[in-house]
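Chain nomenclature is as follows: A, B, C and D, assigned in order of appearance, with residue numbering initiated at 1 for each chain independently.
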Amino acid sequence: MDFLTLFVVVPVLTIFAIVFTKNMKQTRLVSAIGMGVQLILAIALVFMYLAEREAGNTAEMVFSHSYVWFESLNIQYIIGVDGISVAMILLAAIVVLTGIFASWQVDFLPREFFISLIFLSAGVFGFFISLDLFTMFLFYEVAVIPMYLLIGIWGTGPKEYSAMKLTLMLMGASALLLVGLLGIYFNSNAGGGDLTFNILEIAKVNIPMSAQRMFFPMTFIGFGVLGALFPFHTWSPDGHASAPTAVSMLHAGVLMKLGGYGAFRVAMYLMPDAAQEMAWIFLILTGISVVYGAFGAIFQKDLKYINAYSSVSHCGLVLFAILMMNKTALNGAILQMISHGLMTALFFALIGMIYGRTHTRMINQLGGLMKIMPVLSVSYVIAGLASLGLPGLSGFIAEMTIFFGAFQHPDVFHRVLTITAAASIVITAVYILRVVGQILYGPVTNEHYLKLDDAHWYERVSTGVLIVAIAGIGIAPLWLSDMINDSLNPIVHQLMQAIVK
Amino acid sequence: MIDFSYTVLILLIPLFMFLLIGLTSGKMKPALSGYIGTLAMSVVTLLSYYTAYQYFFNRPAGTEIFEKIVPFHTVWVHFTDTLYVDLGVLLDPISVMMLVVITTVSLMVHIYSIGYMHGEKGYSRFYAFLSLFSFSMLGLVVATNIFQMYMFWELVGVSSYLLISFYYEKPTAVSAGKKAFIVTRFADLGFLIGILILSYISGTFNFVELTDPQGALITQGTSLTFMGISALTWALTLIFMGGAGKSAMFPLHIWLPDAMEGPTPVSALIHAATMVVAGVYLVARLFPIYYFVVPDALTIVAYVGGFTSLFAAVIACTQTDIKRVLAFSTMSQIGYMMLALGVSGYGGEHGLGYMASMFHLFTHAMFKALLFLGAGAIIHAVHTNDMNHMGGLRKYLPITHITFLIATLTISGMPPFSAYFSKDEILVAAFEHDKFLFFIEYAVSGITAFYMFRLYFNVFWGKSTHYHHTPHESPLTMTVPLMILAVASMFTGFIPFNDLVTSNGAAFELHTDWSVAIPSVAIGLVGIAVAWIFYKKQSAIPDKLAVTFKYPYKWSFNKFYIDEVYLFVTKKIIFNRISAPVAWFDRHVVDASMNGISWVTNAISDQIKGLQSGQLQKYGFVFVSGVLILTFAFVYFLFN
Amino acid sequence: MLSEIPLSYFLVVSTLMFFIGIYGFLTRKNLITILMAVELILNSVNINFVAFNRYLFPNQLEGHFFSLFIIAVAAAEAAVAIAIIISVYRRYSNIDVERVDTMKY
Amino acid sequence: MNLESFLLMRHEVMLTIALLIILIAELSTEKKNSIINLSIILMFITTIVGFFPVPEGTLFGGMYQTNHMTVLMKNILNIGTLILFLQVAEWIKQPQYGNKVSEFYLLILSTLIGMNFMISSGHFLMFYIGLELATIPIAALAAYDRAKSISAEAGIKLILSSALSSGILLYGLSMMYGTIGSLYFTEMAGAFMSTPLQTLGFVFFFAGMGFKISLVPFHLWTADVYEGAPINVASYLSVISKGAAVFILAILLYTVFYSIAPMWKNLLYVMAVMTMTVGNLFALRQKNMKRFLAFSSIAQAGFILLGMIDGTSMGMASMIYFVLIYIFTNLGAFGVVSAISVATGKENMDDYNGLYKTNPSLSLLMMLSLFSLAGIPPVAGFFGKFFLFTSAANSGYYWLVFIAVINATISLYYYLLVVKAMFINNNDHPIAYFKSGFTTRIALLMCMIGIFVIGLYSPIYEFIRMFSTGM
């Protein structure tokens, strides 16, 4: 048993343990323990990784193992991590654990809830550690499908509709994705050698241009849908709005990151030529979704919709940066994924907690919460400031890295697009402050709220962890960005070669 | 070389205080937080005084000019291999001077607030925010590179937001804070884009490299153009836009008057003395680039400054809220500073405007802080901002009265008070460079004297208003700062700025130009006289004038309706014309098309259900026809 | 004398029978008649086999045997079919094919 | 007949013996349970024996041929039948089926024998006999439920339309015979040119097979028969007989018709698209579980063609693999439906509302089966579908794969509707908790295990891959 596989095994074991729990108390305890272990593992992984690099291991992927699975198809279970996946795993671990705490009071079918939640997380971790397209795809779908039950059973509002819509749109996307992956697989012998799903192997061969032209868009869109690529983002507002707290957290915080991660780990890394050729189309789309999402958010009345649209905007920024295809921008994209993951998780956690108390998410019905629940409100302000890019919180460094990276692009068109995208930070400020001013400040709109209590200990844990993470990255980003930077060399090299050709 | 590395403490102590007070707020006794906050700030003040002493008067022998010293820096993050962000401390004349200004005023405000904010709820929150602000502002001025400056620039903006909406249950305060943040944020976008372009061209953030007159950027400039204009012009104009936003230059000034919703000490510290001059500081910081590479941008600076000073002064004449009057006077004074930079040259004599601008910044900080704190004392006494409900306060508030009078004389440019010297230098610089601007400023100094004394007389003389409870002088914690600042505004004029704070760090000889000085004093006196006639006693003249010059009065009173314009743009255009359609489009077009797919599928499935009719023979028919069609199809294909 | 009749005649007949059978299957209302139509189809197939065998490949017997088997199987089929038709009659008290459409869509 | 021939056709012989034993036992005993248990045991033995190694070879002058692949297929069918017998037990114990239950087993076994002969036939005569032997008894079985009128209707629909289809198939065969002059696979192999007459023959023949596999437009009987017939008969039709037909069709296409591969590849392309799409579109709107599963099985047949269309051993392997998975999955789903209908007589989707609250384990198994049908990891269906798609992509049919996956998404929609009914919808009177019989639970457990193991445990696939041969 190698170290990385633990990230899949621990959740599975946790699930088995949960099966034998009697009541909600035990269930949540067990899940918290299991995911706590997961978080510890993730942190350990970071240090092990850094130590490994210190020790001078310059391999593209470290801790990698490969086990033959379906021999005749050359499908293997290959795992390994570089700085990027390590960072994403850490993010996932944090969000999952905080998600567990945020859903501490789920009393309707708690066992099923936590099982599905952890099953989902298993898929996420598996996705981030796997280096084999087949395994990756498998974990991807494993991560997507529990959403249906989670939203459908424990959701609110038009939950059946949202759940179905979300699942079908993501599955439709995975249709494109599957074709793309198969296309890659059957062109992976272009350099002689056998067909393979192994990413590192495929990266060595260069896939024929005709094939790339066909399969790059498929793969990119396939992942892009999960990354809320305009115009395929509409599952996200409804999905988030109907989902229970922890699910919104995981979904916006981690699941949407699968899209960005896959988009460059698979689509760009394996098909750089087509990427270089077609980037402009998707750049325009993502540029749209950055501004569009922000403008969309201004007009919303429902807190969750606001954050869903802002997620569209921020995740659009991720894909945008990825398509800029230089090291800094990519670095920024990863940072943005992590920062947005933490930040939006915090947002949804807080919204859930506020909703749990006031039973409304309509900003015009809320007001003056700062007076009633200071801790939650202050956390909300912090989340907001992170979201509008306050220095010292993670959002700022991520966005700045993206902008400065993207602006290094030699082409004027790209630089102008960058400025357009940068304009979104003002719009973000508008809707964030609007919400803060409306729901936290001002007089108390409803005297019933005066009786409400402030955060409980588990909620403090949930938000506290996230805030610490956000501030930590925001104040000392160097280690993270360096860790990512070193791992970006292979893909950047690929893309540069593509330009040369 | 002297070791300045302790200067990093100047940043760290306020930061630590912020975290300490912020995290323990609620647990710790409010009063305590006030005291330790003040204590820490006084330590910081002493440190920066010591730094100033070391830097200015203890420089190693033989060095003619004040070097830029970077005693401490650490890499914060890498963007590219060349483009990386330092966090550090940069000491040069202007930053050291700013250290003194900020810490002094901040300390005064700290002390003052002990009395002023006494018993307010959120007392310790207030001190936490003050510490945060001090930290950010200090970090801004000692920034070693433009990106660090931008970071602290944002932090300053946020702490200003937090402090303006300090009374968060007051909707006006909340919206004022929101307005301030968003307007400055919009300006900062310009700043950011400017930095993007600048760093793209120069490949560095570092001020020392950027502003070195022999450096690559200034000597080579750039061949890049955008829409026919040099990219650097774009960059520096946009950067100035950032500065204009923070310094409330027209047309980005609208947030400043509303910002007066914040507690008065905050107005004194942030919106009079320190933050609002950040724009001036920014331009001064990049001055060599402006001067050598993009003179046209500098002209823009000059004219924006000049216009704003006039514009604000005119508005100030008709406002009745004393804090707003002061706010507009602040705008007008900052206009002076901008203009001075705009008309300045580089090096020695030519750098007069630069020097004057910094000089005025210094003196203005002192007397404007004094004015605001005085106003605070007044408000504290009579619980209103409206000068129409005031009058004859000199009996009740002697100390406040005296100090306020001193400040008023200072701002009116009466010798020998400090502003006389600084403003005089500015006029001289303007006179040498651009007559038109000179006359504007000349007029403005008269108007300034008028509206300030209008304020003074209305508050301390004029009709004897009846107060439902007699106003009483403020406690010592509030009056002492007043006195200290009064002394400061009296005597800081004698500081030899021409030896200390100059464009290239080299001292130069200063000679008073009587042909400018005397008329400026004269017009100041005229302004005072007019104010005396109008407002010393209860008189009908002002109202008569208001009636005769109805429209000018109305326009001025309504601040020339700029706010309304903004309101129109944001509400009508952004919100209703862009955002609402986007939201609608998203729901009814994008989303609908996605749902449409499923709808179509279901519709088809409903249409073809007749196929499964349950009739055996129909099944047979379909079967047979299927067979035959396939057969013919394939046979047909065979023969083509 | 059989050899005077060309193969095509047989094929024409069988084809006619085949399509008559199809037609019957599609049009007759009585289940029994439909069954008979099916028998027609099978018999047309038989004719084909036998005729092909006799004319084209006289030196083997595959076709003949095949037709024999077809006849046998058809008999079995008919037996089962009729059994089921009887049970249909029990339930629906008639054997009109158009009535037997309770399950649809 | 020497011993060796017995060894070669061991499956058929074993089944025949079993059949005879049951016949005799039926004469000797009156007790229903003993017959049921006996047949289960016999089937079990047969299944085990089937796995003993066996030489390849031909009999009856090439009329009967067997090799490892056909043995594998027969074993798969045996396993399916065994599970089916386990599921049947409880259903057939119900009083309305009287004391004489052995007919059921006899008929099932005879069809199974038919299928075995069909699979390992070397001559179209043998094939035809096997085909009919596999079809006619099922018609009788479909009408087995004498109490229900729809059962009779199902029977008549099945027998008549199958008669029509076999008539057309035979007509096609006769044309082939006329043009080639032999019906031995070995002799016909390669003799096919695409002359009009042979094309006609082939298409007619293919239509007959399409009827068995229920490809659009030859599928119309399926839904009605599944709905009318007793559930277990329906499941038998949907998995075993369909599986057998798929096997033999693949074998024929790969061995006999390989010379006209381009033609039947186009044919399969069209068939696959139509079948998947139409099947899904109809399944969308079904309320009756049996009918619902009928259409879903039609759609599944369309997926199977994706494996068939790629003539390589990979395609064959992924097809057999999929059928294996499909047997477990579908029997799982049908098993739950049958258990519920036996216990409560309810067969509509609405009756399943809130099932999870009362019968969690059944609902879970149902959900897993449905996910497996939809091809959701980590259950086996995902692997089955993925390999089918892989083999289709192997011949470059990327757009076919795309259409297929889109269809898979549509199918996910209606599978999720059932999941929704069981897990999400509220119901004031859900189906009360019931405990199904021992055999049923064994069967369901087997399905559960199969659904997980077959996918994740790769040696199974490798084993199939080892024996499967392409063109």
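Brief remarks on what is shown
Keep in mind that, in the parts below, a residue touches a chain if its C-beta (ideal position, glycine included) is under 8 Å from a C-beta of that chain, and two chains touch if they have at least 3 such contacts.
Note that the coordinates shown come from a computational prediction; the quantities given were computed from them, not determined experimentally.
Pairs A-D and A-B differ in how many C-beta pairs touch across them, and the larger number is found at A-B. Each chain gets a centre from its C-alpha atoms; the one nearest the centre of all protein C-alpha atoms is A. Placing every chain at the mean of its C-alpha atoms, the farthest one from chain A is found to be C. Separating the centre of chain A from that of chain D, both taken as means of CA atoms, is a distance of 43 Å.
Separation between the centroids of chain A and chain B, computed from CA atoms only, is 37 Å. Distance from the chain A centre to the chain C centre is 66 Å, each centre being the mean of its Cα atoms.
Between the CA-based centres of chain C and chain D the separation comes to 27 Å, rounded to the whole angstrom.
Shared interface positions of chain D, defined as residues touching 2 or more other chains, are 156-157, 160, 164, 168, 223-224, 285, 413.
Of all residues in chain B, those touching 2 or more other chains are 598, 609, 612, 614, 616, 620, 624, listed in ascending order. Residue numbers of chain A whose C-beta contacts span two or more other chains: 168. Which chains touch which is summed up as A-B, A-D, B-C, B-D, C-D. On chain A, the positions that touch chain B within their shared complex are 165, 168-169, 230-235, 237-238, 292, 295-296, 298-300, 327-328, 368, 370-371, 374, 385, 388-392, 396-397, 400-401, 403-405, 407-408, 412, 415, 418-419, 422-423, 425-426, 429-430, 433-434, 437, 440-443, 477-478, 481-482, 485.
Across the interface of their complex, chain A is touched by residues 314, 317, 371, 376-378, 382, 386-387, 389-390, 393-394, 396, 398, 401-402, 405-406, 408-409, 412-413, 416, 419-420, 423-424, 458, 461-462, 465 of chain D.
For chain B in complex with chain C, the residues that touch the partner chain are 609, 612-617, 620-621, 624.
Only residues 26, 75-80, 83, 147, 151-152, 154-155, 158, 161, 165, 168-169, 171, 174-175, 177-178, 181-182, 185-186, 189, 192-193, 196-197, 199-200, 226, 574-575, 578-580, 582-583, 586, 590-591, 593-595, 598 of chain B touch chain A when the two sit together in their complex.
Within the complex formed with chain D, the chain B residues making contact are 598, 601-602, 604-606, 608-609, 611-612, 614, 616, 618-620, 622-627, 630-631, 634-635, 637-639.
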